[in-house]
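Please find the structures below.
Both complexes below contain chain A, partnered by chain B and then by chain C.
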Partner chain A sequence: MKNLLEKGRISTRQLAILIVFMTVGDSILILPSLTAEAADQNAWLSVILGGALAMPVLWIWGALARFYPQANLIEIVQSLLGKWLGGAVALYYSVYFFFVAAGLIRELGDFFTIQILAQTPLRAIHLLLLFVLAWGLAKGLEPIVRTGELFFPWFLLMLTALIVCLTPNLRPVNLKPFLSEGISPVLHGSLYVLVYPFAELVALLMVLPYVNRKANTKRDYYLAALFGGLIMLIIVLFSLLVLGPFLTSNQVYPTYALAKKVNIGNFLQRVEAVVAIIWVLSTFFKTAIHSYAFLLGMAETFKLQGYRRLIGPYVLLQFGMAYIITPNFTFYTDVLYKYWPFWDLTNALLLPLILLAAHAAGRKRTAVKA
Partner chain B sequence: MTIAKPPIASLSCRIRKPLLLLLCAALLLLLTGCWNRRELDTLGIALGFGIDKTESAYRVSVQVVDPGQVSVSRPASPGHPPTVLFHSESPSLYEALRKMTEVSPRKIYLSHIRVLILGEEIAREGVGKVLDMLSRDAEFRTDFYLFVAKHTTAENVLKIFTPLSNIPAYKMYDALLTSSRTWAPSATVTLDQFMSRIVGPGLNPVLTAIEVAGDQKKGELPSNVSRISASTMLRTKGLAIFDKDKLVGWFNEEESIGYNYIMNQVKSTITKVPCESNGLIALENIHSVTRLKSRVRNGSPVIKVKLNSQVNIGEVQCDFKTTEPENIRKLKHSLEQKRIEMMDSAVEKARELHVDAFGFGNAFYRNQPAYWRKAEKDWDALFQSLRVDYDANIQILKVGTVFDPFHASVKE
Partner chain C sequence: MIGLTVILLCVAALIWKTLLPMLRRGEFRDGVVFSVMLAGGAFFSFFAANLIPFPAPLHLLVAVYKPFSQWLFSAMGWKS
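After this line comes the complex of A and B, so read on.
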């Protein structure tokens, strides 16, 4: 199968950086309170468990990519499920990517209007974000991932600085009692870890065929996801150790509250706005890949010459959708806590499994024919 | 197949340049900053925040710094106070703050609050409702310290002129920080710690009490600081004990230090021990670590408080030969007894008030969660009969720069 729409190629290193960015993504903002709400002081166990559960999911995608090294998710769907069913599922996936991107844009907008720019209209922030997004998308996949490569050291530097500066505030006693309520709250918490950092990586299936594969590509694919998971583990662990389980679950943005706690000798303090760069960067790259997946998916589904003509309409649509995706903050967090995980799981786990089954069935049929 | 080129690349160079310039100009739009930026001269920077109760509303007092009076370049005009106190009343704190614009020319900016003072009356009634607004508002940080105004209102505390540090809120902040580091009967409690201890299982918070020592009326006049000995001062006065969010009583000085020993919050302090003959020996605490261990023995809870500490001798008022190893051993023993007495007095006071101020219950919650589930309901009764074992181990390291006290060698 030939890829007609995307000529760019990315290296394994760029893929790894992209995976780390997407794993951290918006999860760094929402995951600590979601897991702590479910599992209290054992939320960090949820992260470990969720990360472990995510590895088989990654393996399933890996298997799909191995069987169809030249095809992205939409092409796989279409070739396996036929013109009409395949077309419908391809459209469904594109719409899913669109909604994830809308949610991500809204999350950043909400974060800014709640914590930093209290009276700035939400849509002003969305617009700025969408401008940069449109610019990146117009340039294509390669420039986006190269930008990621450029920002990655800064991302790591900020993150390391945050973690190091917080070490004087750690209170290990916050982690006790260990597993006092049994394993089920931990399992509940691990659902969010499985879903928000990892399951939403399914958009990677739109990017994987454009990776220049080397011997270490497969290894780095898992390692990068694990590294992103490790960052999440540290963030959740530090939230619990510094803020305690109650404040972690009761804060809208525990990571920001964490950054407010930085105070080295009454000198290095009030750095939270600088530290916010971490999740602006990671959420931006996650949004960019989901937007890219949507545009490419639409272009593939409808057999267009290229996706760049869709960027304008996409930005307009997204500008509207990010605004109306939730009537208020409470609705959004409620959906994130109760419903969204299952939608993510359907698209990241159930459908790829069906695709794998279809692949196996199809191979058997051709084998019988031969 | 060709890739669709971005439009700019296909244009000729002549049009491209102006377009790029236009793009650069458009970038300026990104540099405008926040939507609702507020300049420094429109902000009333609040440093102290006080909450009191009137009959049907909250009375909010805010100590706002007057920049003209504290600037380095321009000398302050004499007689003008460095801060201004605004207050307003409303059943909603949030509204009260906005209503303050009725009297304040500037909107109050709360990010730089140093101290939050709760009036005694509202503290006795419960402060849970008050704290919600403070934790919800994005302008508040959590790095300020909380106080309870003892036998007075928060407003009265914020009105006092303070010597040495002309902004009273800074004075209180620094004084608390210094005294908790060097003298110990106080606690630096921030808003998030306070809230965590209110909601935590088996935990109760304490706050430092602050009182107006001297005459209130005189303290409100600038003449209070124009004399070498200020007639009225703000003084921290032990700890205020809370049952969840309600003030129920006070630890005195010795009990407060005892409390801080149990809570492992003592950095440095002075302990005085009576001599065998007349007089005292005072020792400086160099280092102390306390570990709490909870155990369930035969179905009943036991707390073990293990104190390890190193001290230096700082003052000897009697005929006590510091060169005598046997003396040091005896002193060590009586010092250990003294510390245990201090800790026990705090526990007894807490029992009297029926408040587990130390979080002993929380120790069981963390370490014996199965036991805590059963005991949580009647922890109040269990706390009364809770066995607390003390184990103090103190080393006396140094005796200062001299050997025996000089007055001991005076021939009678």
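After this line comes the complex of A and C, so read on.
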């Protein structure tokens, strides 16, 4: 089934860059504190374990994309589950993408108003982001992804510079004692690694049909996710090595606190804005893809003529929802710690497994009839 | 007051620029979805623009997953 709502096509390299941006996403700021809260000084082991656990999830999505190469997630759902159940699940997925985007916009606003622009109203930050988002969405998938391609070298350069400048502050003693409380805290920490960098990549199932597939697409799909995971491992490791497990788990944004530690010869200092730039870039692309997934999902579910016409109402909806989604930052962090991971797992693991099972059952029925 | 005015202006602009041409072209399904989203957007934006408290949708997420979360955290001995 050829999709008529999206005419753009992206290359494998662009897909890989998108995966790296989305894997890093907001995780670069929230993951160190979540994993350190769960696993203390062994949070880096959680990242390795979480990354390993994510590979089968990526394989499940890859399998769905292989069986339905020209269909996005919504089309797959409608094709496998029928008109009414498929429509309901398709709408549910669209709502999920909407709320992930709302959460990301709120996180960005909270970060800026807590750390950098303390006097600026939250809604002003949201509006600025929403205008840029709307502009990108109006242009379409290809320009968004090409913009990511343009920014990617700068993103890597700033990240590398941050890591290099922090190396004088490393204290390996912060990683001890090793596995003092057993494997259970590491498993706990790996839950957050599994969901926030990786499980939320499920939105890519809305983008995969528009990739010009080559022989190396499958390899690059996994490699990009692994590279994103490697970046997260380095960030969490450096947070533990520089700040220690207590500060990492208790800081609101440990990566920002990490950047404050950079001080080369009392000359190169106060480079926290670099972390802000890195994070805005990665979070923007994650938000853009989730927003795109929502709009395309709504257009597919209701069989509309196009998705761009929904951008205006979407901006209004997000302006409101990004504000009301949580009453305060503390409640939001509590939800991220205890409840959101299971919603992510439902949408990224359970439902795709059900779709694969439905596909297998459909094939068996066809084989029996034959 | 200013917030409400700006929201209403945005709604009016979107109706003028997008909804009316859609309806003229006979795209009624698109018009209905657009209108529902626009009404929802205006509703929620009103609360955001005027800083009026509204029940957070995440409470629903908490209600759905709390039993499982509490059981898992307790069974695995995880810090809550």
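By our rule, the second predicted complex is superposed on the first by the 370 of 370 C-alpha atoms of A that agree within 3 Å, B and C clash if a C-alpha of one lies under 4 Å from a C-alpha of the other, contacts with A are read in each partner's own complex, and residues count from 1 in each chain.
The definition used in the following text is that contacts are C-beta pairs under 8 Å (C-beta built on N, C-alpha and C of every residue); 3 or more make two chains touch, one makes a residue touch a chain.
Just so we're clear, the structure is a prediction, and the values are computed from it rather than from any experiment.
Q: Clash or fit: what happens to chain B and chain C when chain A is overlaid?
A: The answer is fit.
Q: For A:305 in the superposed arrangement: first (chain B), second (chain C), both or neither?
A: Both: A:305 reaches chain B and chain C.
Q: Considering only C-alpha centres, what angle arises at chain A between the directions to chain B and chain C, nearest 10 degrees?
A: One gets 110 degrees for this angle.
Q: For A:115, select first, second, both or neither according to whether it touches chain B, chain C, the two together, or no partner.
A: first
Q: Between chain B (first) and chain C (second), which does A:59 come into contact with in this model arrangement: first, second, both, or neither?
A: Neither: A:59 stays clear of chain B and chain C.
Q: Just to be sure I read the superposition right, which of the two partners does A:329 touch: chain B = first, chain C = second, or both, or neither?
A: Once the two structures are laid over each other on A, A:329 reaches no partner at all.
Q: In whole Å, how close do chain B and chain C get at the C-alpha level once superposed?
A: Taking the overlay as described at the top, chain B lies 9 Å from chain C at its nearest C-alpha.
Q: Considering only the contact definition stated at the top, list the common interface residues of chain A for chain B and chain C.
A: In the superposed arrangement, which is not itself an observed complex, chain A uses residues 305-306, 309 for both chain B and chain C.
Q: Could you please specify the touching residues of chain A with respect to chain C in the complex?
A: Interface residues on chain A, with respect to chain C: 37-38, 99, 123, 126, 184-185, 187-188, 298, 302-306, 309-310, 312-317, 319-327, 331-332, 335, 338-340, 342-343.
Q: Flag every residue of chain B that touches chain A in the complex, lowest number first.
A: Residues 1, 3-4, 6, 30, 34-36, 138-139, 141-143, 192, 195-196, 199-200, 365-367, 369-370.
Q: Considering the complex alone, what residue numbers of chain C touch chain A?
A: My answer: residues 7, 10-11, 14, 17-18, 22, 27, 29-30, 33-34, 37-38, 40-49, 53-58, 61-62, 64-66, 68-69, 73, 76-80.
Q: Under the touch definition given earlier, write down the residues of chain A that touch chain B in their complex.
A: 4, 7, 114-121, 124, 128, 138-140, 173, 176-177, 180, 243-244, 246-247, 257, 260-261, 263, 269-270, 305-306, 308-309
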